[in-house]
Structures are given as C-alpha cells and as structure tokens.
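Okay, so subunit A shows up in both of these, paired with subunit B first and subunit C after.
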Partner chain A sequence: MDTSPSSPPTKKRKMATDTTAAEQEHQFPLPAILTHPSATPPILITQGAEGRLYKTTFFSPNIPCALKYRPPKPYRHPILDARLTKARLAFEAKVLERCRREGVPVPAVYAQNAAAGWIAVEWIEGAPVRVKINEWLGQRPKNEEEEKAADAKDQGPLVELMKRIGAAIAGLHRTGVVHGDLTTSNMMLRPPTRKTTRTTEQPNGVSEEEAKAKLLEGYVVIIDFGLANQSQSDEDRATDLYVLERAFASTHPRAENLFEHLLESYKQTFGKKGVSVLHKLEDVRMRGRKRSMIG
Partner chain B sequence: MALETLQIEHVPSDHHVYAALFRDVQNVDFLQAQLIGKNPEFEYAFIDASVLISRTHLFAAIFRALNTLTEGTLQTPNVHSDIVIGLSPTNNISESYRRYGLTPFKTRDVLVIKVVYPKLSSENSTISSSEPPTPESTWQHLTTHIQGTPVPVTDEELAKSTDWAKVRKYYKLNGVPGVERIDTADEEGRRREMEGLVVSGIALRGL
Partner chain C sequence: MPDAKGRRIALGCEGSANKLGIGIIAHDPLTGEPTVLSNVRDTFVSPPGTGFLPKDTARHHRAYFVRVAKKALEAAGVSISEIDCLCYTKGPGMGGPLTSVAVGARTLALLWGKELVGVNHCVGHIEMGRAITGATNPVVLYVSGGNTQVIAYAEQRYRIFGETLDIAVGNCLDRFARTLEISNDPAPGYNIEQLAKQGGRVLLDLPYAVKGMDCSFSGILGRADDLAAQMKAGEPGPDGEPFTPADLCFSLQETVFAMLVEITERAMAHVGSNQVLIVGGVGCNERLQEMMGAMAAERGGSVYATDERFCIDNGIMIAHAGLLAYETGFRTPLEESTCTQRFRTDEVFVKWRD
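Now for the complex of A and B:
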C-alpha cells in the first residue's frame, strides 16, 4: 500500500474490450450482489490490482452506478484477508462521504457491504482527464515549427483545465484527505449537464474550432480513493502532488510545461498552507531524484 | 389506485417489495398500537412520509434492509422494522423509530412497505393463514385499516410531504459546505446534492 515518492504507482487501467456481459461472466465470477436481477446486465469496466470495477444500475434502472468489488485474495489468510478488505472499503466509503460533505467533487456513495467486499458509487459521466488531454494534444499540429507557434497562443483551454485540477486537489487536501494515487486517469471530466453537444459528431452549425474548445470543458471529479489516507501534513500533500507530477510528465510529456499552472492554482485555492506544501514539494522532488540516483 | 410493486435493482428475484402512500391518515395511533402490540397481521414498515425526499431515498433504506435480511444480520425483529431504522444515519434504534416511524397526532402522511419473501421454517411467522400475502390481499388489508387517501408513490407526491427542516436536521445537512456552495437559486441542484448526502448517510451507517 505504500507509495514511495520515487516510484509513482503504475496501476494502469486496462480498458475492457467490447465483449458482451455474458462472455465476461465466464471470465470472472460475479460478486454475489451482482447475481441478482437488474434492468441492464453489469459490465466489467476495468480490472485493477486490487479489484474489479463494474458498471451497473442501482436502486432504479435509470441510475447508473460504479460497483467496485475486491475479490478475496487466495494467498492471504482468510481472516486477515476479510479484515483488510473490510477495513479498506470502509475507509474508502468514509473518505468519499467526507469529501462530498465538504464539497470536494467526488462520486456519492450509494451502498456498500464492506464485509462482502463491494461498494457502489455514483457513475461519473464523461471521460478520464487523461483521455481528454491526449485527445486535445493529438489535435494540435504535429510539425515542430507549427507547434511552437501554436504553443504560444493555443493553450488557453488546457491551462484552464490545469487550473481546475489544481483547485480540485486543493479542496481535497483541505478536507484532510490525501488521495495516494493521483493520476490523470483517476480524474474524470464530467461534461456540462446540458447535453446538446452529444447529439451528432459534427453538426453543421459547429465549426471544428468550437468543437475543439468544447473538448476540455467540464467539471473535474476525482475518483478511486482506494489508496487514500487521512493526513494534514505538508509532506503527504506534497507527495500527492509529486506523484501526479511524475504521472503527468509520463502520460502527457508534451504538456509537461503546463504543470506549473496546476501548482499555481493549487496555491491560490489553498492559501498559506498551499505555499508551505509547494515548498515541501521542492524537498520531495530533490529526495526523489537522490533516491533514484542511489537506486 | 393499487399497491405498487417496487422494482429495485440487485434484489433477489424471490423478494417482492410493495409500497403505498396514504395522505392525511386519521388513525396513526391505531396503526402504531398494532406495531407495539406485535399484531402479526400488521407486518408492515410504516414510515412518516415527511422525512422522505424521493423514491431513491426510500429505495436506499429498503435496499439496505433487504441486504441485511439476505445476510442474516437484521438488527431489529424483522425486515420491516429494519427498513424504518434503515432510513437512519445513526445507530440509535429507538430514536430511529421515533424519527422515521409513526408518531400519533404528528404523522400525517404514511408510506407503507410490505416485503414478501420465502421464509425459512425456523423463522416461522405467527401468521395464522399459511398463504403468503398477495398484492391484492395486502391492498385490501391496508385500505380497510388505514383511514387516509391513497396516492401514487411518485417523487412528486413524496415531495409534497417532505419536511425539509426535519430532513436537514436528521441527516445533519445544515451548514454543510457541499450544499452551501451551491447557488440558492439552483433549487434542483441543492436537492440533488442533499439527496446524495442522505443516501450516503444511509449507506454508511455502522462503518
């Protein structure tokens, strides 16, 4: 569970290929809760190191939900396994509720059975920030000279997004929670509630330019609190930012130079505390480098 | 009007949940007396509708109770009383009955839930007739004994009964930053945010 600063966790999510729910049932046994009838069959979305994520509906057929299931680990003693699974899920649920009350953008908890190893949370529409940023970067000119020219003016929406991310993380840290696994995959960009942009790919009225500007629109929602911790210390907060910085540099190398905007907005939102966290971040960076050199 | 069969996701198919809403109920004291006297013919969850904000809110409590039922970890004598305390974000059972159940001369609108499921022989209910109740017989029984006006269990009808001051107090929603940061003009946004917190409160009780 530890996330040493020198090695940002690489718990990469593999998107499930387009198989039908029936095929998937053969792949993994469903948790008991998902064997009961529902309007739409549960779909396996991702398979992480700790658990599986299913998309299903909860309470009513019109309420989509994400159900996270931590299957028992056969290599652990059953009693220890049950206890760890229960404690971690309970903790995740409590952190989510706390964030939600404090106004930090996270999914709501719909139901949980920590003993049985599952938690059902609100389904966040939209796409991971990682996908959106890469889509955005992919649209920009490939040619290096052109890119330089474009860099100067064109980054507005991406800078804005970085600022929103920084503010969201500051809000999270202010509630006394550190995420433990901040990456652009663990943030969703929820599109604005009006769903007019969804109708067709490229309606006649919307120019390419406008569509592009819309790409990075949306509300940043932080997800996956499986590694979260309660902490108020600058050290832990700085480590959180450092992990994101490293992850960001490797997933979006072309936008690495924009990370400072995220930190700047973090500092602005967080005030005095933010200044000392960023100060600590310098230390963590240094130490991170040192460690990798001794390696 | 008739009894509604609730379709709740991820509930075992042999568990049936029926619901009805009665407005301006005149004999709340009689209904409560049946519960206190453990009258086996009145195995219902009677909920004071003023604490309910929506169907989703109601479903969260029912789901929780059905989950404890199938796990065999009921906290109260039966699944119906567990639905009532299932609404509570706290562990105080008698307080939960007071807040979410019937209060004579105070409760006006009553939401009734009936759960029918195959009982094990060990938990043989004392109901004299061995026939499991049907929606028709349940509806008949309810309309005979509840002196009130039946209305459909819709979000609109539930919203008419909601006492927000109580909901905010019971679910500790006063002065919560997550709600306060939403513009007061955005009533629907506030309502949704509070619904999310209420459902989370129900889901997290006991952790």
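Now for the complex of A and C:
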C-alpha cells in the first residue's frame, strides 16, 4: 500500500484503524481527489468530529502526505455547510502558510481545494507527543516510593521535551496565531534523522537505557489547525495554554508537575510578552473556562 | 414511608423559570424502575412582544402553588402518609420564582413532617431524560431558555464539555420571538418552529459562532434583529426578493441548531460515545431532533429525546432526581433549604451512578 521507500514499513505506520482502502470506501465515501486512478491508495488514519485524515502521496508516489477531508454534514443546510467548510479550510491553509513563513514548526501545505473540502499537507514522521510521553512514563517504576526516588534524577529527557514544546508554542504565538485546541495529540515528535528512528524502533544491539534515552528525542511539530485563530491578545494566548494545561493533566496525570517547565520555557522564548501571558494565565485559571450560569 | 406495594414515593416542585410544575414519582424498591404517578404544570404566559419578568412569574407561582399541588396529589391517587420526601429545585434559575417554590416546598415539609431534598435543575433534566428514553450513558445536550450545555458523565459527576459563552439558545429564540411579536402561547420557541416550517425559500446569512466545544448566540440574535428591521422596512433579501418572518425563523433555526449539533458531535468524538440525549425545553424542537438524528446516524449511533411532558420544565424530573439522591441517604435540612440562581451541573456529586 505504502510505496514510499523512505518511510518505515507500512505495518508500523498504520494506526488503530487498520482497514484496507476498499473496506473504507464502503464505510466512508472518499473525496473525489482520492478516487483518481493515479492516486496512491489512501489509508484512513483518524475519523474525528471535523473530518477524516488520510495518508496518501502527493505529486510523486514517494512523497507521503496527509489529506484532511471535511465531508459535507448531512444535518447542515447545504448552503451553510458549503460556506463553513470553505471558510474553515481556506483559513486553516492560510494559518499554516503563515506559520511556515515565520519558521514555526508546522506541516507545509501542498495543495488545497476548499470548495471540495480537502487540504493536503506534509506528512510528519514520528508519533504524537501523547504516545511518546505515555510510552516513556509507562517504562517508569509503578511503585509510588520508587517513583519518587526515580523522579528526582531521571525525569531529565521529559523535562527537555516539555521545554521544546513550550518553545514551539511561543514561536506559534509570536506569529499572531493561537491554535485553539492544543493537546499532546496535536503535536508530533519528528525523529531527528531517519537513521536514529530505525535504531529506536528496532533496539536490537542497543542497550535498553540508550533506547529509552532516545525515546523523547525529536522536533516538536504542531499539527491540526482546524480551530486556529489569528490573535495577539494575552487573553487568547493564555487560554491556549490553559486548554493545554487541562488536557495535559487529564492525559498524563503522572507528569502533571512537569508542566511548569513548559511554561518557563514559553516565557523564556517569548520574552516580555510571555511574562504578561503567564500573568493572564493566572486569571484564566482562577476564572476557569466555565462561568457560573443563571437559569 | 413506602406505599402498600413497597414503592418509595417523592413529590417534586419546580419553578425556576415561568413553569410551575409539581409531580409525583414512585421507584420500585428492587429494580429502581420509576413510575410517573402525576405530572401537573401551569405556565405563566406573557403577552406577545414581552418576556416573563421575575416579579410577575414569582407572583404566578405563589398564586398557583396550592392548586397545582392539590391537582398533582389527586391525579397520583396517593395519600400524604405514603410520600417519602419532598424535592424542590435548589437552582439554577430566576431568584424570585425559585424562592416562591422553595417556600412552598418547605411549608409542605413542615405541614406533613417530611424530609426535604434540594435538587439541581439541570441534573433533574438529565436523570429524567435517561429514565424515559433508556439511554444508558449518553452525551447530553441540555438546551433551554436559560441553559446551553454539552454534558458527559464521568466519575460521579456530570461534566460540562461545552456551553454557551453568553446567552442560552432558548433565550436567543425567545427574544427573537419578541422582536417578531410572535405569541408566547404555548411557548415562543414552539411558534418559531411552526413558522420556520413555512420558510426555507432562502437561507439568510447569519453569523456562526462555534469556539471549540463552546458557542455564542448574542451576535446571531443581534444580526437576526437587524434583518427583521430590514424586513419591516420593506428592504429585499440577498437574492433581491423580499423575505418573510418565516424565512427569518427558518434561517435562525438552521444556524443555531447546526452549531448545537456540531459541538455535540465534537463532544461525542472526544469521549467516544455514540448515544446522544437531548433535554430541556428547546429539546422538543423536531427540527433539532432531526438534525441530531442525522449526525448520530452517521456516527453509527442514535439520538434520544423526549416530548414536551418531560423536555419542558416539570415537577416530575425534580421528584425523580431528588428521590435518586434520597435513596443514597442525601437530605437537605430545613435550615439549609435555600435556593440559588447559580448552581453548576458539575457541582453535584452523583452518588447514585457508578
């Protein structure tokens, strides 16, 4: 299925939804672009509320790409549906291009057809940060006392990762974009080079410790800008961090105490503005996202 | 004490908005299966072009409390001695009306020597919806004149995943009915729904305000009011043709309901559920139910909704939720039997669920 010689074997790449293109076609109608005879058979990666994410190729069979498709919603009035889909996809592409121009680590936009409801972006190698963090936490002692002892000395790689995430978000915010849905699922950890990826994935001949140390290596790439917005306000930036903070605490409760490193690095990267955003974050935390309501 | 059949019986009093409702429910001691014994309601209806004010609504509730209570008791055919507890709405809601009903419930408790149970209005809606439809663990869309929330249950609480950032969807519809001077009888939302059925020639352009799992309605109402003013001035619509109140109602419904379905779908994807339960007064709207059904069907799930007897505020839901809490040992002592305008759904510890 995956003809790309440079990417790891297809088996590894496919995620939970491991169905063939034919089965998927039966399940979900494909966008017209993927039914073209020269298209690489797509693999359905996720089925979210917004739409579906396929892995296919762009331009040549050895350039993998992620194709995000927002199918028409049957419940929505067709005029309203077309208007929303078009506006959202065009905006997403615009935000990605802007980030790319400013050097923020996001996938490059290859092509888009907002009216048809799809956008093709660069395929990011590696795994979501969520998966990597959980893998790393999973290898640590379960026993609470042992964990405490271990915590002090070997949380280093995770702290480093938190700092890289903080810096990436600061970079994003500096360009005047807020993500709108920051979670550790919406960040990828791209391995530094293909060679190291291979060693991490097949730890034969590599000591366990070495493999573990490599687990959290890589560049943080922010993905899924479906809810992004342009904003320079402290309030919106702080809300972005608050959403991540809450998501992080519920996804990785064992590493909750490390979130401060992320914020610290955010502040350092962002400078003066970072200080006022973090100040605002205190307010946002106190208020909670949820106000008290009447009636 | 339980009745002759060993059932536990509760009387519930609701009056957080313009409906005064008193209902009596029985729970089977073995299965917990609820039986509705009576469900009586009296609605305060204000003239077209106006809303219900707290002061007038409170007066209505005070004036009708005894009548409605007597009717509920008669219809249920239970004697006072068979009633186990008295449940009342503790909040959220409008202060005056809530107070009137709390005083009524307290009076009955003292008069009859029964224990009180203060109930969260939103939890009442959710529990009644679950009981009537048989939905086991749904994502709940709670939409009424005062509330707009997307809720899912997790670890002993109904957690709010998304909600309105300003006015409730029902408030948006009610106020637009006032702009068009549509009748408030039986309910402004119902009349908008009927009018919308005649519209649909054009879809007028309204803002669409979804932010993650939250949404906002005040801007939409403002734009709809502007369009209504244009219409009254005889100005044409986007296609150069004149448009009607029915077109406005249609466009408003299509827009706000699409937003509600979208945030519900996002919550369903987030928690991995394919059941959705709609509760609250706006939940009676058949167009909303239809749209939600189309979304749920695509996700391989189904939509659960109730009719106006249980969707619109009523006493029976307060009795049901109150009795569930009562069975876990929860009581509201007389000196704590207050009510509050602000009472979040996630503040309630749901001891009766796993």
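As a convention for this text, the second predicted complex is superposed on the first by the 259 of 295 C-alpha atoms of A that agree within 3 Å, B and C clash if a C-alpha of one lies under 4 Å from a C-alpha of the other, contacts with A are read in each partner's own complex, and residues count from 1 in each chain.
Here is the rule we go by: a residue touches a chain if its C-beta (ideal position, glycine included) is under 8 Å from a C-beta of that chain, and two chains touch if they have at least 3 such contacts.
Computed from a predicted model, the values in this text were never measured in an experiment.
Of the two partner chains placed by superposition, only subunit C is touched by A:Asp181; subunit B is not.
Once the two complexes are overlaid on the shared chain, A:Asp224 sits clear of subunit B and of subunit C alike. In the superposed model, A:Ala90 lies in contact with subunit B only, and not with subunit C.
Subunit A is touched at more residues by one of its partners, and among subunit B and subunit C that partner is B. In the superposed model, A:Tyr110 makes contact with subunit B only, not with subunit C. Of the two partner chains placed by superposition, A:Asp240 touches none, neither subunit B nor subunit C. Using the contact criterion defined above for the overlaid structures, shared-chain residue A:Phe58 touches subunit B, although it does not reach subunit C. Residues common to the contacts of subunit A with subunit B and with subunit C across the two structures: none. Listing the residues of subunit B that touch subunit A in their complex gives 7-13, 55-56, 59-60, 63-64, 67, 71, 176-181, 196-197, 199-201, 203-204, 207. Interface residues of subunit A, counted against subunit C in their complex, comprise 48-50, 73-77, 79-81, 84, 180-181, 227, 243, 289-290, 292-295. Every residue of subunit A that touches subunit B in the complex is listed here, in rising order: 33-34, 36-39, 56-61, 63, 90, 93-94, 96-97, 100-104, 108-116, 120, 122. Within the complex formed with subunit A, the subunit C residues making contact are 16-17, 92-94, 144-147, 160, 163, 168, 203, 208, 211-212, 214, 254-255, 258, 261-262, 265-266, 268-270, 290-292, 294-295, 298, 341-342, 344, 346.
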